[in-house]
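Each chain gets a letter, A, B, C and D, in the order it is written, and its residues are counted from 1.
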């Protein structure tokens, strides 16, 4: 029988071979379709056309106006939703704070809404420290209500100063809840406005957040003021800074000068024409020195120079230019200088520079009615009550997360253990909710009704913006389980508070968020706001526009001039130790947003590091201590010690170590856990004498090298990943000297063109 | 003429021993290369599933082990043509006993080289989009891309070298057909295309091999010119050199000739062909290695020099990186590629000893593999605006070893089916190089083959 | 017909046979030049040309043309052309010796004499190399690409070019010692010339041991010639040609100019060999076998030359970097005819012309091809450097003027004069080479077929 | 800047390079629109808002710390920070680098499957499902702005809800780069056609330009003088990146100004 393989078997053989190859590496097309989820909900379930979310039309995007609560600036947002899914966040073009722009955190707010580590159902923890089991909403609300009714008068509420601190309607609801249940209300957030308000009242006579119209300034003097990064209103100041550099004032061709005095070159300082490094914590001395030179109080300049290591000649040249710029000169304090042991004194000195020049560009926009106490004083009073056993029920609202944000040695966790019943209402589980008995999932700002008053706004504009749900969270389906079950069951905070407020007292109180909001806007002082809330169509317009803002001519108030003339701030650090500057990184907002994947992967502006935190050490100091990039070093302070990868930094004062705040979570979801170290856990607990605000920006630490960096990547040994295009971040040769031009060259070019 | 037939019978027996008897050591070799090949294929499937991330490549240097292997194996594939085509054109009689061996080396190396453009793709399962097949969307591949020139050059060279190899094999298949039974007989009679050895057939075979000899030379040069232009056509500072085409051709010849030395020694030892592959052959191939080595060094120095010469930092960064981070590659290249051949090749005693030449062949190939690393990696690591590095991972290494495994597997497999020294060419050589006694002087008379063309 | 019985008993007997002796005699006894006739006329013409060029350059060039780079550039290019072609001839003869080609004997001496052109070069080149700095500052690029980035260019260029010529001279002298010996014996005793030849013949007796040392020396010098030739052409390729090409540092220029000068050398060898065989009235000095092999060699070199040229052009075209592409584009679009002449001269004619056996083996055919090749190479030198001056100078200033053509003619005259002067003092056609060729290569009948019997010399390194 | 001046003068004298790019002349810039962008480095504060907006708009996957360590990050626009000088007089410059949509792109001729080609509106368009992943375009791009999908991108539930349906999700083995938010261009053009009108100046912009707080990035149609991008292109501070390579980038940068005096 001839061995020839006949044609048919040959084809069969080759088919088997071919399919083998294809099967091995075929990409399951189905999963790709599932990912995109063409129509409502997720996965391959097409929503029955019958019960569509309101106004849903296939392929036509719906835009909803709301406000960003990722920081206290309160920028107006417009969210694009398609098929009941929030797809993109954009700035609200007519919102006066951000004029259509948005920062990285606003874009990442979508990832708080759709975060895989969100709390999905209420959890009950049988014993403190045991693992939590899912329970139903009704049982958990009943448990809280019963606890509160049985312990009237011994209840405390700890709210989140950032997420809800700027919302008047929340304050009203909370204050009514506290009055009716006899609870003491406390709020906690890392960055504190108290020193600003104290300085403003001492210089301008009004207690409120000062504003600085830098777009009309010609000379900008910043004292460790990172106004473009984390606080107080990065997008507004970003826009103003854009105008300062290339706006209407610059059409005349004269370049606005920006000088930054601070221990560390932050992203904002990088944009300065001149960066004057000063010893950490001594910004106040420099301000007072310049005041002395301008002949308005202050301290003698050589003493200031001795304290701050800023040379006398630099200070005199700055003072001369500042005076020369006259009414167009603005001095600016910021998050760096408001986190010092002498924060109020420093800020007062800075604002009195403005007052001395009498510049109309600085002042206080709107006096704040309730004078709020500093966060640290507030939380320490709560801790004292708890330690003394006066609190039986603690209600934690939002994500204040004091266990993470306060040093271990502050004893807050031990005080918590003394409270018999703790309930937490938060969208995420974090270090503090770990110690709670009952955790109920609340909604993020993109899913609930709220309003917002921005922390800082330009003078003469009163802004009250609205937060509205952009999607119906029940349409987020759990496509792993076959039955069409929503992925999570959350409730808005206003509804929870309304439920927990004893109903017997005032029947007919508004039950859900929207009605509470309209009720609170109805009884607001201003007439037109009242009108908005009552008339339905006017209300819909306001919600559609994203809020209500009026602007009137700013009346410049007189500044009474009592210039400070003494300095009790930071003295030179003891030999052999460093000053740790814990600065709020612009993405992680003090640890709150380090669970968002985008904010971990986008490189840090100055160090280009990702997915980790670091210690910035002066280049020469690092060379002497033989520390290279990525070596693991240990920082030990009186409060404790942390280990971090070192990063020799070309622009930081030799005695200072810059550590970003935000990483080092032990329990905060898969994205944030186990990355880098938390400087707040070892920060000294000293506070500003005038207001009691926490001076987390300055602590004395000792530095020693633990081990040198290993090649290759291992999460357990904290590998530092930096994404510099050229190692060392130097300018590539191909574009050496191409991307910037000195003013001298520009003037020469202009005059040459004119000839 | 009596002793002639007896001698040809001995030749037949010697040369077909490899084909007819399967020794234990052959099986060991076959299984060893089979396992290495299986390990390499396993890694390729692992890369299919996990994507190109398993290699050590990153943003500025996108090409790594697969391309380095591709250039290396395409280089080794050039050796066969050089030995059989060019030396036939130059009437070098001594090439007869090693032509078959080197042409098999070419075919196997080319099959390995042809695989790598598929392995290095990001989406390997759609490699057929590179082939210009008519499709309803009217999409044709972009013939301005050097990668398409590559695909064409390899397929043309594969077809022509297989043709060249097969046309020389037909008479030997006929010999084997008459000496085997059973399925081998079926196989060889199918392969021998009813070859009877008539004069008309020999004349036609000589015509075919003459044409192929002349036509394969431009294909052989164009293959490695185009592989060189893969890099020469890009504007990456280190690669944008006009010397890359001849530089790659010389590099290919150099490593090809080295591979020929290696194969000659191993096959001679494996099949006991001491009588057929004489020290004279090692001597001549070694001389080829030396001349081409000097030529390759001239082009290598020209390439590096012309970048240093520009004094433009963007062009010099890769050289700084070569002398810095990649110094190990430069030292291996200098030692194995320049020092070892320069020290051993000038001496006749070393040139004629097979084992010394095996060592030189291996060292030349190590050097040329490192030289491919030097050509591919440092330049791409120092681009205009971004610098990077390429650290090979275990997948890179096992793909490389898998390639050697595949080559070994194919070579041992083929050596089972074809005699590694071409019977008829060798016998033809015996007749031509007879010694004639004229008067009382013994005169070595070479009947020169009629000049081609 | 030669009687073949004793053919191999004693090869040197062949020399005595009448046919060989007659042709030798014509060369040996009358090395000098008679008053009238073609040789005298050419000597006169060439010396006039050389003197005219010298006068023009010295009295008009220096003062008037100080700031005209065009004039100086052309003289430099013509000098470089002749320099590279003469070195090419020496290298071709060295390659033939190395490759142990059996037909090389006749061409070796003819080609080696070209190295004497070195004397002219040593005289003129220093002036031009000094001017080079000024030419290229005025001309193409602000900073001329000097291959010796750090050291001065003049020293290293002259060093490289000088060694190439020195090696050529040594090879020439060594291989002509047997001829000097023969002259010493043939000339009347103790005449002034005889003393001269006795001294430079270094007591050459023609003993077998002396032949063996001569062959060993020849082997070593061949290697020296090739290496120094490649070095000299590399330097010329990069330093002179690229000096004016701004920012297009094509690394292919070194091999391109090496192959170019080999091609030129080959062409010029063919021309000079034919001319010598006519002048010495020796019809079988250069047979069709020589022309055939020269033709094939020229096909190979023509192909390689075009391959390098195409690499250069394609890399610039594909890279599409404006500076580089503008230069290449400028070469082709600004001077289309010259580009065509270059490609046809250096590629189409030698490769496709030589493919036909009829053309290749006929002296007229090969000589016309050689002339085309030389024209192509001269144009290539012009085309590679002048367009780069384009941005600074109007093209009109760069068209060769009468003065520059005279300089080129002067240089050609120098080349021809070298041969004529050399012919006075020693046989331009090597005596022992001729005898070797006649004795070694012969048709002899073996049985009923005629077989080219060739006594193979053992390769040089096996002496 | 000697190099740039020489190129200018060279091009002027030697005539423009022959018009050959990756695409037949007939296809190139036949439509009247040409999209361009201006990035004012004096305004740019380096806050990476553009990077976040781009990731949200174009479904850019998050690859994690290990992939970043291996250099496999995916940012289509990256804001580079260049250090200059040493302590204490040290400067840091911010430089947003994205695909320059070159008029004469080096990545187009080298792609073997036409996965990247030049569309009539002057964009260097990436056809994702045509790409076989030879990565030659990545090698040949001098700006290093082409990002490769080394592994299969993954979004855990419910992060996949955020994916923008207008932009394809790329699988592993495909090269991707900034497309000037081509989905926004198409949507605006379709909207204009539906309303039967031409595109109004500054009617839409890219995600990064819309998010940028200091308004450093301005996008628009370079051929239509009414768009605000054209006024900015005439600013004397203008320069383009790696212009000497002849890539004709359509992104114009404006120099930052230092006033140390």
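Observations on the model:
To be clear about the criterion, a contact is a pair of C-beta atoms (placed from the backbone, for glycine too) under 8 Å apart; a residue touches a chain by one contact, two chains touch by 3 or more.
The structure displayed is predicted, hence computed values, not measured ones.
With centres taken as mean CA coordinates, the chain nearest to the overall protein centre is D.
Computed centre separation for the pair chain A/chain B is 63 angstrom, with centres defined by C-alpha atoms. Each chain gets one centre point, the mean of its Cα atoms, and the points for chain A and chain C are 81 Å apart.
Computed centre separation for the pair chain C/chain D is 57 angstrom, with centres defined by C-alpha atoms. Computed from the mean C-alpha positions, the centre of chain B lies at a distance of 37 Å from the centre of chain C. Those residues of chain C in touch with two or more other chains are numbered 247, 318-321. Contacts with at least two other chains are made by residues 124, 233, 235, 384-386 of chain B. Multi-chain contact residues of chain A (touching two or more other chains) are listed as 725, 732, 734-735. By the definition given earlier, chain contacts exist for A-B, A-D, B-C, B-D, C-D. For chain D in complex with chain C, the touching residues are 2, 6-7, 9-11, 13-15, 17-18, 20-21, 104, 106, 109, 244-246.
In the complex of the two chains, the chain D residues touching chain A come out as 1, 40-43, 45-49, 51-53, 55-57, 62-66, 68-70, 73, 75, 78-88, 90-95, 142, 144, 155-165, 169, 171, 207, 210-216, 236-237, 239, 241-242, 253, 255-261. Residues 2-3, 21-22, 24-26, 725-727, 732-735 of chain A are the ones that touch chain B when the two sit in their complex. Across the interface of their complex, chain A is touched by residues 45, 48-49, 124-125, 183, 186, 313-314, 317, 384-387 of chain B.
In the complex of the two chains, the chain D residues touching chain B come out as 22, 67, 70-73, 80, 97, 106, 109-114, 130-136, 138-140, 142-144, 147-152, 171-175, 241-242, 245.
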